[in-house]
Each structure stands twice: as C-alpha cells, then as structure tokens.
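Chain IDs A, B, C, D, E and F follow the sequence of writing; residue 1 opens each chain.
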Amino acid sequence: MSFTSIMAHGLTGLGALVLFASGLGVFRMPDVFNKMHAGTKATTLGSILFLTGIGFFEPSWIPKLLLIVLFIVLTNPVSSHALARAAHNEPSEKPDNLIIDDLENSKGGER
Amino acid sequence: MTLLAAASIATGVMMLVAAVAALVVKKLISAIIIVGFVSLSASILFLLMDAPDVAITEASIGAAISTVIFLWGKGKIGGEE
Amino acid sequence: MRKAPAVVSTSVVLLGIWLSLTLSTDIQEISIGVVVSLIISISTHGALTGNLFTLLRPKKFLAAAEYVLFFLGQMVKANIDVFFRIFRPVIPIRPGIVKAKLRLKSERAKAIVANSITLTPGTITIDIIDDEIFVHWVFLPGGDVHEQTQSMVDSFAVRLEKIFE
Amino acid sequence: MIRTIVGLIIVLALSVVVISSVPDYSLPSGLQGVGQDYTERGVNDTGSVNLVTAVVVAYRGLDTLGEVVVLFSASTAVVLVLTLVPMGANPTPSSSIVAFTSGVLPGSIVLFGIYIITHGHLSPGGGFPGGAVVASAFLLVMLGSNKIPGKSKLLASIESLAGVTFGLLGFWGMMMFGQFLNNMVLPAGSPGKLFSAGIIPLISLVIGAKVASELSGVFSSYRKAGGDE
Amino acid sequence: MNAQSLFYWSLAVTALGLVLIGLWGVLTRKNILRIALAFTLADTGVNLILVWSGFLPGRSAPIVDSSVSSMVDPLPQALVLTSIVIGVAVAALFVVVGVLAARKSGSADVRRMKELKW
Amino acid sequence: MSNTFLIILFALIGGGLFLSFLRLIIGGKATDRAVALDTTTLITTGFLVLVAFLQGRAMLLDVALVYSVLSFLGVLAIARYLDGGLK
C-alpha cells in the first residue's frame, strides 16, 4: 500500500461517509433551517473529500475535479441562503421552534 | 456490471415512486420540485445507458430551464390549486 | 480603462478554467481559450474576480492564505459538529436567529462573509439588510447570544478586512 | 374518483398489451443496419470522434435544420402568445448575496457553455446542450438582478443571423460538391484535435447560438409579461 | 436471468412505467399545469425508451477512443438529443396556453374551461 | 480499487441519496422538499463522478460538472419563487 493509495481510499471513503451523513441529516432534522445545516455543510465537505480522493486515483483528472469543487463551494451556500430567506419570508413555511428571532423583530419595526 | 445493474434498478424505482408522488402530492409547487428529481434520475439512467450526450442535455434542460418554465406558469396563474 | 486590471485578471482566471476543462495543452485549445476568455471578460467588465493583482502584494497574499486556512479549519470543525449531532438518538437543537453588525463595505466582501458563515460551525446566514447580518444558530451558545454572534462574525470580518480594506 | 379508476384501468390494459407484444426476453446480439454502419465508418467519414455529434450534424444535418425550425416556431409562438398575458404584480427584489452572485457567475457559465459547444465533436455535448447552458447563464442574470435585461434586439439579430448561417453553410457544400451540408468543404484534420471534423464545429456553434437565443428570448418575454413597464 | 439481461430489461420496464404514469396523469388530473407536468414525465419516458432501444449492456459510449472496442448505437441518442430540446419548447408553449386558458376561465381547473370544449 | 471497497462506496452514496429522496417524497413543507432536492443533486454529482471513474473516461466528468452548475440554478429558481420573485 503506497501513500497515494492510502490517501485515495481514505478520502473517498470519508467523503462517501460524509455524503451519507448529509442524507441522514436531511432526513432526520426537524425543521427547514436545521435540515439546511446538514444539507449544506456536509454535502460541501463530502464532495470536496470525495472528489479529492478520486483525484488521487486518477491524477490527470485533478484540474477538472478541482473545477467541480470550486463551483460547488461557490454556489452551494448561495442557493442555501436563498432558500433560507424564502423560508423565513413566507409565513406558511416558517418553522415555529425558534427561541429568538431578531429578523422578525426588525421586519416588524420597518412596517 | 452487477453494481451498475443494481444502481440502475434502484434509480429506476426511485424515479417511478417520484413520478407517482409528483402526480398525487397536494401542492403544485411540491410537484414541480419532485419533477426536478425525476429529470435528475433520468439523467443518471441516460449516463448508465452509455449516452453521455443525452445525459448532459437532459441535465441542462431538466435541472433549471423546465423548472423555471413551470414556476413561471404557476406564478402567472396564481392562487392555490 | 479604469477596469483594465479587473478585465485582465478575470480573463486569466477564465483561461485557467478553460484549460482545466479541456485537460489539454494543445496550441489550438490555448488560442481559442485566450480569445473566448478575453471576449467574455471584456463584455462582463471583469466582474468575475475584480482586481486580483492587489493579492500579489505579500501582505495581502499572506492575509488571503490565512483566511483560506482558517476557513478550511472551521469547515472541518463544522462537519464534525454536524456529524456527531445527527447520529444522536435525539438531535440536540436550540435554534434561534440572531443579528450582528457587519463593518465591511464592499458587496464582494459581504458575500464572502455570508457564504463562509453558512459553511462554518452551527450557523447559516438568513439575510443581509444594509449592514446587519442575520445568523441562524442550530444550538444557541450560552451566555450573551448577541455578543457571541458578534465575535463569530468579527472573526471572519477582521481577517477579510486585511484583504479588502 | 371514477376518473382515476377508469384511467388506471386504461393504463393497465395498455401495459398488458405492450408486455405481451414483446416476443422474447433475451439480449440482442449486436447492432444492425445503419447503427452498425455509423459506428464502423463514422470517424473516417466525418472526422468527428463523438459519433452522436457526427450523426446529429453531418449524417442527419438536414433533419437537424428541420428541428431547429420547429424550435424556432415553438419559441415564436410562446413569445406571441405571451403578449396576450396581462402584466402581473411587482416581484420581490432579490437579496444582496443573490444579486451579487448573479453579477459574477454568468461569465464563467457562458465560458462553460462555449466549451460544451465547441468540443461537441470531441466529448459529450454539442450545440443543443451548450446552447441550453448559455441560456441558463441568461436565466441566472434574470433570477438575480432586479432589472430586466433589455437586449431583445441583439437576441433577435443573433437568432436570425444563426439561422441564415446554417443555410449558407449548407449551400456551401451544395455548391462545391452538389450535396447539401457536405462536411468536407473544410479539411477533416486529424481526429481528436479542436480544429478537425470539417464544418461540424461551425454548425455546432450555429446551433448553439440559435438554441441559446431562442430560449433566452422565451425567458425575457416571460419576464416582460410579468414585470411592470 | 443473468445480471446483463436483468440490467437491460429493468431499464425497459422503468421507461415504460414512466410513460404509463405520465399517461395516467394526463388522463386523470384536473389542474392544467399538473397535466403539463404529467406530459413532460411521459416525454422523459419516451426519450428513455428511445435511448434504450440502441443500448447494449457491456458496450461503451459512442465516443471513439483508443481504449474502446465496441459501442452502443449512436442513432437513437442523436434523435433524443434534439427531442429533449424540442420537448422543453413544447412544454413552454403548453404552459403559456394553459395560463391563457386559466385566465380566461378564472381557474386552472380543466373542467371549467368551457371554451376549449367542442 | 477493490470490489468490496467499491460496494461500500456505492452503498454509502446510494444510502445518502435514498434518505434525502425519502425526505423529498415525505416532505412536510415545500422548502423541506427544496432542501432535499439540493442535497440530492449534490450527492448525485458525487455519484456521477464515481460512474465516470468506473468507466475510466475523463469526458464523462462533463455531465457531473453541468449538473453541479445547473442544479444550483434550479434550486435558486425555486427559492426565488417561494420568495415571491417570479411573478
């Protein structure tokens, strides 16, 4: 077992595990915002680890894999943020378990 | 080969369940989201059927453009189902 | 002409993207890539990267490198946090949305801070209204919540300020 | 309720008919007819490594011209019918992060679309998916920015220019070799290079421009029907 | 039944099932946009069947390479490629006409679109 | 890559895909489904890369790249719709 082989197996395995954890998190978490915690962070790191691991298996693919990683890191938080904003703005979509909610208060002040 | 066969069967089952769900689910917006998933799994199946060109086309059309067209239509009709 | 550095740095980045897409260093690919990336960067006024040449100064380069390392560390921490949370039988949550002040001025810096906060432990950005940022906590920290949030936001903002000023 | 059950019965009957019409459930042994021919001679005939693009652009180029016409008439119909839809309410403005992203990312998405279009003969892709990707960049601008991009004149001229160019490229082959859309009016080059496969890259580019401008035209007319003038 | 033939026929069953589900939706749903969704589902199913008709398990994608010995049929793939793009244009037309009809009759329910009956 | 390891990878990614798919079908509110769709597309990107690796052809990575870019647009469109930005 060489160093590359160990890194490749370890990173792909870990990445797949994190991707699985994100799926589990999206399934188990109770409300939208908490689902987003699992659905954004875990998928981003999971993709990074998994694609880097594949890069250790196939070194000539590394530029393209890096490009996929770059696009995921740039776009994933944006879509998640847009969804979070939508979930907060729409009264029927908003979860009711928030302990404090400064955004609602500041919106109330504006009206 | 066995792995790919298992993957295609699993994807196909998920796709059929999602297609039925898209037609029976209550809200139209949920139906549109689920149709997005159907197109995603169709893209996987195209890739498994050795048709990467078709997979790319399905991904580029089904992921964004057709979703947006339906959302626009729903926004223009307005009101609940 | 004022935007020339931004256009040049954008087209360099776009050329890099093109070459990593084609996975080849053939002369035909490079020439077409140069033409296409120049056209795109001129017609978008170099919006992709802005002026990247300021990063070549050693001080700023170090600041940027520090930011990236800090961000990666925080992201790994975030995932360990999420990982151990979702495998519990009962998921421990104490959610809340807290606001904090953001001192940064430029849109780019604001977007980077918001995206970094979304990817780091326990927090996602809900909205930015003017200079206030609204952060959702999965588990509200003990003590003064507003102070904790402010210090978390500042830990990113201070590092970014060194890059953008 | 009665509708659902009748529909279910019809569909089940249809599925029984289809399943019973399959003669035997074995694997076919190989390709027959024209498919076999294309896989054997495709690279020598057209110089294109990607045989799907070779079929779309070279062997069946005339069909593709017809399909582009279908796409054109469908999108024109959409735009025409949309002028009958009255204006809607004002949309909510997007947040600053989304607006910023929609200003930054479209350039790289367009670059990506151009990569897919120009490498249609080397890797998966070609005019149709590449044009859709370029149209998606336009879509991102419209989703994020709060202004309506008003370049429909440019779009219309690109669209008609692309259509005319397609026809002219076809007639070029007709004049030189007496065959519409003959591929070999340009040198075939060595397969695998960017400049190879005759006029296939050019026609891919034309198809891409056509698809992108038509889909973008549909989007911008949707947006105009909904916004306040 | 070995793995290859299972792979082959399961794809056919999936594609056929999608067409039938889409047909069922077109026959039984009442909202005009829901019918349009069912229509696109059937469209996707038809595309899957067409690509499947040129597919053989164990061969590779029709992009010639030094490592490739046998390929699947490129012709159905080329047809489907254009069919998908045409399909989205047709769906857009469907949605727009549906929007007009819904505005005329005041609801998206097809049973109340009296002007479309003849 | 040994066969067992490959099966483990397929099982983990497929399991994650299946769980987020279940959330997509069971739902709750529309935003729950949208988050599930987002997660599904990202896990699928990983899956497509794995398939490309199995076939050993770099050009299949284009599919994963297109998907990762355009699924973002789809989710963004859904978010903008729920926000009232697509009237």
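General remarks:
The rule is short, and it goes like this: contacts are C-beta pairs under 8 Å (C-beta built on N, C-alpha and C of every residue); 3 or more make two chains touch, one makes a residue touch a chain.
Please read all numbers here as calculations on a predicted model, not as lab measurements.
Listed by label, the chains that touch chain E and also chain F are B, D. Averaging Cα atoms per chain gives one point for each, and the point farthest from that of chain E is the centre of C. By count of C-beta pairs in contact, B-E exceeds the other of the chain pairs B-E and B-D. Here the spacing of chain B and chain F, counted between their Cα centres, is 11 Å.
A separation of 24 Å divides the Cα centre of chain D from that of chain F.
Averaged C-alpha coordinates put the centre of chain A at 15 Å from the centre of chain C.
Counting partner chains per residue, chain B shows two or more touched chains at residues 4, 32, 48, 51-57, 59-61, 64-65, 68-69, 72, 74-76. Shown for chain D are the residues that touch two or more other chains, namely 50, 52, 85, 88, 92, 94-95, 97-98, 101, 105, 112, 116, 123-126, 128-129, 132-133, 136, 139, 143, 215, 218, 226. Looking at chain E, one finds that residues 4, 21, 24, 57, 60-63, 65, 71-72, 77-78, 81, 84-85, 88, 92, 96, 99, 103 touch two or more other chains.
Residues of chain D touching chain C in their complex: 95-97, 100-101, 103-108, 110-112, 114-115, 118-119, 193-195. For chain B in complex with chain D, the touching residues are 51-57, 59-61, 64-65, 68-69, 72, 75-76, 78.
The residues of chain E lying in touch with chain B in their complex are 3-4, 6-7, 10-11, 13-14, 17-18, 21-22, 24-25, 29, 31-34, 36-38, 40-41, 44, 47-48, 51-52, 55, 57-63, 71-72, 77-78, 80-81, 84-85, 87-88, 91-92, 95-96, 98-99, 102-103, 107-108. Residues of chain B that touch chain E in their complex: 1-2, 4-5, 8-9, 12-13, 15-16, 19-20, 22-23, 28, 31-32, 35, 38-39, 42, 45-46, 48-54, 57-58, 61-62, 65-66, 69-70, 72-74, 76-77, 79, 81. Contacts from chain B toward chain F in the complex involve residues 3-4, 6-7, 10, 14, 17-18, 21, 25, 27, 29-30, 32-34, 36-37, 40, 43-44, 47-48, 52, 55-56, 59-60, 63-64, 67-68, 71-72, 74-76.
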